[in-house]
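In this document, chain identifiers A, B and C correspond to the written order of the chains, with residue numbering beginning at 1 in each.
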Amino acid sequence: MDLDIKIESILFFKGEPVAIKKLAQILNVSEPEISDALKVLEEKLQDRGVCLMQKDDSVMLGTTPSSSELIESIIKEDLNKDLGKAGLETLSIILYRGPIRRSEIDYIRGVNSQFVLRHLLIRGLIEKEIDAKDQRVILYKPTFELMSYLGIKKLEELPEFSEVRKEIENFNAINKEDDETQENKSEQTLSEN
Amino acid sequence: MEEQFKVKTEHFEGPLDLLLSLIEKRKLFINDISLAKVTDDYISHVKSYENFPVDQSANFILIASTLLLIKSRSLLPALKLTEDEEKNIEDLQNRLKIYQRMKELSSNVKKMYGSNLIFAKSETKNIQTVFSPDKETNVSKLLSTIREVLKNLPKKEILPKVLVRKVISLEETIEKLTGRIKTSLRMSFKNFSGFGKEEKVNVIVSFLAMLELVKNGIINVMQQSKHGDIEMETQEIGVPKYH
Amino acid sequence: MDLDIKIESILFFKGEPVAIKKLAQILNVSEPEISDALKVLEEKLQDRGVCLMQKDDSVMLGTTPSSSELIESIIKEDLNKDLGKAGLETLSIILYRGPIRRSEIDYIRGVNSQFVLRHLLIRGLIEKEIDAKDQRVILYKPTFELMSYLGIKKLEELPEFSEVRKEIENFNAINKEDDETQENKSEQTLSEN
């Protein structure tokens, strides 16, 4: 039985995000093989009632966005669709610039974001991640729940997503040069006096 | 005075939100000229917030001090700023540009949010459960876990004191200056502003207060030599109350 | 969007049997049209990880038979793996603060607990109860099996039960006020200037 079929069964049964590493472990194959099989599954799900969502290295099945109205008509509890200005601003920064630390969010927004971040965490729209480079630093990133509310299967489906990522890379590159020149300059002045 | 640009009483998320809307309302680009232009509107808007939450006001005042720097340089192009001050101004412009870009992008997010949802599979109801605790499901581990949860409960973030250090506001300084001049008719800027003793930002605020009074024709000033002290003198005896 | 695609979304979302009559009602078409669309769906699900199952006049999506062994192994594994930090945290809150609604668990943990709760339910450690005061609200509480496994007849027998419970209540009280003032504050500045 092809790998993509087994993966779909697992994702359907689980009904929640599953890490690619976990799939590889369960199915006893390498992670690249899982990724290839996921492409096959994604292909098969073209114009189907179900779609494959992918974020970082986890995947999940969901109803296709075009069925949104249909499904909303049969669910009872009301969905919290409103987002205050602070919430919208903060989510946009995290979506386009995430994973990102709180001090950077405060820097961009010019305000303290502690309260709105906690609010978004509790609603499950963002999640915390420990910065691999520095254990003490907490980074904030989007969740599958947020992607579900936006109706996107991948972050790349956000308008201008790749342009913005490039803008950030260039911006950081220039800053890194500035910092380096700054450092050499301060070393120079150190050695001078 | 330039027609006071009436800013709608919309709610601003913070100083950058206010500053950006002032600039965009005048259809200007972000640079030090436009920033200088909107400084008055910014300060008058901030003054209109009566009982302003302390942590928020600090953010607004911090941006105000950079704006005052930009404005003073636009009034006195010869004013020499330190490298830090130049960096502050450049930093503010950078922050504002990133903020503006994020605001543009957030309109996409707003449109998409809640319009076409993706739904996960619902929870399987009446599932046959199998009682299966793990090796850590025991009274002592559960107690240490709940203690850990209580320890990590978020505490109110105590406001970083440095943020709220009293930056003498422009209005207070103007009132102080007007009061001082009314009594002594002539006074040197150096000892009024505490030049050399006071912190630089306060000297700048005093300097701007003096410029405002010159602009409003309340005092006139003379400076004998380059970088020399400045003599300040009231124009008329009845000095109007600066509202 | 064709009928079979809509049906697939509904059946995926429901994850349980749905009467054909119900499908006709939801989709506002006749029952024969539903039956035809079901044949198309069955055809399209040929080489997929999910399949259409029909019993009497209800249908549902299930994992394809060839994956059943795989799914059994996952069920076993899910039941025996460690609860992990999130699981233990949520379980300890339910023990010391239960019966408790999900929004309050999220509030205390500062993160969304939707999937963790599902997991604790499947493992028979917690169960659901309808809030007597408000029918729509679901409360979570420990199961009898768990209490007897822990060797307690009443929750009060848990160590430091009352101190811990009080501490949580204080936290909820202060923060509920804070949240309200934070929300009113933003409204206040609106009406003020």
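Criterion: a contact is a pair of C-beta atoms (placed from the backbone, for glycine too) under 8 Å apart; a residue touches a chain by one contact, two chains touch by 3 or more.
Since this is a predicted model, take the numbers as computed values, not measurements.
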_Centre to centre, using CA atoms, which chain is the farthest one from chain B?_
C
*Going by CA means, which chain is nearest the middle of everything shown?*
A
*asked:* I'd like the Å distance between the centres of chain A and chain B, where a centre is the mean of that chain's Cα atoms.
replied: 32
*Averaging only over C-alpha atoms, locate the centres of chain A and chain C and give their separation in whole Å.*
23
*Can you check how far apart chain B and chain C are, centre to centre, with Cα atoms defining each centre and the answer in Å?*
45
*For chain B, write out the residues touching at least two other chains, lowest number first.*
11, 119, 121-124, 154
*Hey, what residues on chain A touch two or more of the other chains?*
12, 15-16, 61, 63-64, 66-67, 71, 86, 118
*chain A residues within the chain C interface of the complex*: 1-2, 4-16, 26-27, 41, 44, 47-50, 61, 63-64, 66-67, 70-71, 73-74, 77, 84, 86, 115, 118, 121-124, 127-128, 143, 145
*If you look only at chain B, which of its residues touch chain C in the complex?*
9, 11, 48-53, 119, 121-125, 127, 129-143, 145-150, 153-154, 156
_Could you list, by residue number, the parts of chain B that touch chain A in their complex?_
11, 13-17, 55-56, 59, 63, 95, 98-99, 101-103, 105-106, 108-110, 112-124, 154, 157
*Over in the complex, which chain A residues touch chain B? Could you list them?*
12, 15-16, 51, 53, 60-68, 71-72, 75, 79, 81, 83, 85-86, 88-89, 91-93, 95-97, 107-112, 114, 118, 144, 147-153, 158-160, 164, 167
*Residues of chain C defined as touching chain B within the complex*: 12-16, 79-83, 87-89, 91-93, 95-96, 108-110, 118, 121-125, 143, 145-146, 149-152, 158-160, 164, 167-168, 171, 178, 185-186, 189-190, 192-193
